[in-house]
Amino acid sequence: TKFAYVRNFELPDPLLPDTYLVCRLDGHSFHRFSDEHGFAKPNDERALQLMDHAAKSVMIEFKDIMLAFGESDEFSFLFRKSTNLYNRRQSKILTTLTSYFTSCYVLYWSQYFPDTPLRYPPSFDGRIVVYPTERAIRDYFAWRQADTHINNLYNTTFWALIQKGGQTATEAHTTLKGTVSATKHEMLFSRFGINYNEISQRFKKGSVIVREIVAPESSDKGEKLEPPFDPFHQQCSKAKKNKLETTVEVLHCDIIGEEFWLPRRHLLEN
Amino acid sequence: TKFAYVRNFELPDPLLPDTYLVCRLDGHSFHRFSDEHGFAKPNDERALQLMDHAAKSVMIEFKDIMLAFGESDEFSFLFRKSTNLYNRRQSKILTTLTSYFTSCYVLYWSQYFPDTPLRYPPSFDGRIVVYPTERAIRDYFAWRQADTHINNLYNTTFWALIQKGGQTATEAHTTLKGTVSATKHEMLFSRFGINYNEISQRFKKGSVIVREIVAPESSDKGEKLEPPFDPFHQQCSKAKKNKLETTVEVLHCDIIGEEFWLPRRHLLEN
Amino acid sequence: TKFAYVRNFELPDPLLPDTYLVCRLDGHSFHRFSDEHGFAKPNDERALQLMDHAAKSVMIEFKDIMLAFGESDEFSFLFRKSTNLYNRRQSKILTTLTSYFTSCYVLYWSQYFPDTPLRYPPSFDGRIVVYPTERAIRDYFAWRQADTHINNLYNTTFWALIQKGGQTATEAHTTLKGTVSATKHEMLFSRFGINYNEISQRFKKGSVIVREIVAPESSDKGEKLEPPFDPFHQQCSKAKKNKLETTVEVLHCDIIGEEFWLPRRHLLEN
Amino acid sequence: TKFAYVRNFELPDPLLPDTYLVCRLDGHSFHRFSDEHGFAKPNDERALQLMDHAAKSVMIEFKDIMLAFGESDEFSFLFRKSTNLYNRRQSKILTTLTSYFTSCYVLYWSQYFPDTPLRYPPSFDGRIVVYPTERAIRDYFAWRQADTHINNLYNTTFWALIQKGGQTATEAHTTLKGTVSATKHEMLFSRFGINYNEISQRFKKGSVIVREIVAPESSDKGEKLEPPFDPFHQQCSKAKKNKLETTVEVLHCDIIGEEFWLPRRHLLEN
């Protein structure tokens, strides 16, 4: 039709080739959402498992995601450098991922909250950040996990002071103001008999969802990984037969140190 | 933490001020989705009503959306030029809207498909297009509605040929190849006794969801519209008291001609 | 060659269609440059004429520029909304214009400064700003011309205090701190016998370079203006015969009020 | 003034941190320019020296450029990854560099073409390309130098066929169509006694301008190199004292192989 010229206003939005893409989702106003749906404080196991379920589903759907990290109401997804998903069109990648995650969250809600119907539609914001180096990716995930640790120690102590110590929120904030880690550990243990080290790994470390490569012989199920994109030999049609089988595992381990990364070169290399 | 520098890689993405923003969502692989969930052909009334429900919810949530138009698996939303939602950050606006729509679609699914559980999570892609002029916005919506008309006439005849005429899909395509509108109308009427004019307006015109301004005296319920953004007097704190009440109506009318737009200057003006 | 894949990193940078483009150039470190080349203070007629010469040359070279405004070490150029120069590629438009202006500035330098050889290469920064509305364009040029007026009145008084009043720079700044326009006019007149109204229009109003349309009968010389871009009839091959002749005039008039714009609808319309 | 709101339309344009920036300039319509100014064919020594002079001046002015490569009417400049020039604002970097180069070209023109006044202002387009990896940078420069070689061999033979072989341009193109390198070498030698290997390195390899680090003891003149940007210790005020002295050298050597790069790790590392 004569109106079709309006498509000329749709401008291209390609992301820089050969860079890591991180997509981070975060629950919209989950302060209120967690309240209205009676989330346990400071950590609701069911809510976190639902997040993990949605994130795992995303990784099964989007094969170029190698790693994800979740905590609280957020999840970060790492696409391999060589991904050519939707020709690296920013809005397409960002919206299909955000939408799929949201859809899973709502669809699987009742599996985790069988007695709590959704009172209104939960939603998530999303953003894509482009990272050029392995160093930056390592530091990105370290940033998120360090944040998990800091928040969890604070929140655990804060809610102990309230729930077990009988303080008000204001009093608890005052009690904690300026305290270092060791003081909070000590406070938890001496006042409330809580050994922080015994707290669930999920709460302390967040959720690490990792794409693992399956040894070839056992390769009759699981996801397939595209062979690396090679700028010199861009056509990889036949190479596709060489796709590696992969599975997706949920862990609650440290990702700041070397141990996690050393045996998993495939996460960062092509 | 020492890792926080990774935030420096998050670059700003503001949209040009004082322009219309159109956000268009489209169902991801709804060819398959409609199939797997037994959508009626060519139009499934329930599916379309569910889309409308989700879109209406979006408009109630995002007050700066003045108009929306839906057909098939897609919906377009028009933000007023003066919107300052999320400081016009592109990814924020785009993802929160896409996520909220998706969430509604899944949450309200069972109201429209009580006997058809979701077999997998439906999702939507989204994009924002910036339009500088009223003319372009009028043409944008005309483009979508003309598309609705063309597709619906084709699909109605196509499925009549199959469902009532006993043709295969290939035969039906061949029958229709190169035919003009009048021929299809004629074919529907003479062969199948279908008067195209009597077909549901929803199918022929799509869904038009419009924010209407409520007369001030009756202003005790409904949404509020922010006063216009004025570049010369940017602070509008007190002006906020003057917010107009609005409601959101679903119509199935023509939006190509003047009749729709003339009495609704508020949709395009500030 | 096998290296050509590096071109994939060159991303598209189209500017939004059907919007006004303003390109503003500004002399790089002209505080130092004017000093080292002995510019008269506060205004050097030769320097300003050289700027005008370069800007006029730019307008003769780039036919889609309708208007330019210059003051001090800067010039702003307005492209018509419908320009399709370099398919509206941002970097191409921006750099070719900036480069051409610079080239003219250096090439014509000696015509205006016959006794002052260039001591080092002068340069300019440039930026393109996209404006969606006529109102914004009017205000853009009003912004620059109001700036010219304010700066010129200040500088004229400042240098009178120094050159004729024997003050130091610090003293002159102190004398002027907090004074309104009327006070400066008065100071100029009573202390130094300068009637500000009699100062050169060039200094007070800046330079306005405007593309004027030549009446058809006299059309045997001058520049040609492309017929308007029409989204509905995009091919304008034959229309090209209808190109209008144009000339480029340098004025030093008010562009804030209506008088300038009313008889020159062609500057803002297609 | 009340007009200053128009600055809100100036959107930020930061380039991704910690990536290599390549700025490539190319003469605007130098086919015509070389003709009108009587450039020798296929290579004009003076024109190439003038380009080198301008490029070298650019490198002296912009300390974060580590390497440049020039051929024909183009020059590419490599900024180190850690550059924070103009806070990595794209238009600022791009235009100041393009403008400065142009200015040098015009200003130094008469040193190389003393008997050929400029008939009109030469200009250059410019673009910035962001590269995330060392590999891509190596390949970028290999791409340009391979292009130099291919073009020069073709042009040398082409002009020999015309100037010495008496062919027309069309005949020469036909003669060369489909020929490989060896054939052109052979043709040059057997028909015209030209040993391609003896042709000037400048023509065969282009111009390589490299920032070299001066040994500390001899550090009393030359340019200074900022210490590397370290994301973990962003403030480098005191570190500035440690600036390394650098000089800028023009070479005509191979940059495709390892020899060039191995002893010059500083070009690609921080």
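For reference, chains read A, B, C and D in written order, and residue numbers begin at 1 within each chain.
Quick note on the criterion: contacts are C-beta pairs under 8 Å (C-beta built on N, C-alpha and C of every residue); 3 or more make two chains touch, one makes a residue touch a chain.
Quantities reported herein were computed from a predicted structural model and do not represent experimental measurements.
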If a chain touches subunit C and subunit D alike, it appears here: A, B
Chain pair, A-B or A-C, that carries the greater number of C-beta contacts: A-B
Approximate Å spacing (C-alpha centroids) for the pair subunit A, subunit C: 51
Euclidean distance of C-alpha centroids - subunit A vs subunit D, Å: 44
Intercentroid distance (Cα basis), subunit B paired with subunit A, Å: 31
For subunit C, residues that touch 2 or more chains besides their own: 5, 9, 16, 18, 130, 136, 139, 231
Residues of subunit B that touch subunit D when the two form their complex: 2, 5, 8-9, 11-12, 14, 16-18, 231-232, 234
List of subunit C residues in touch with subunit B within their complex: 16, 18-19, 130, 132-133, 136, 139, 231
Complex contacts: residues of subunit B adjacent to subunit A: 1, 3-7, 9-10, 25, 28, 57, 91-92, 94-96, 98-107, 118, 121-131, 136, 139-140, 142-143, 146-147, 150
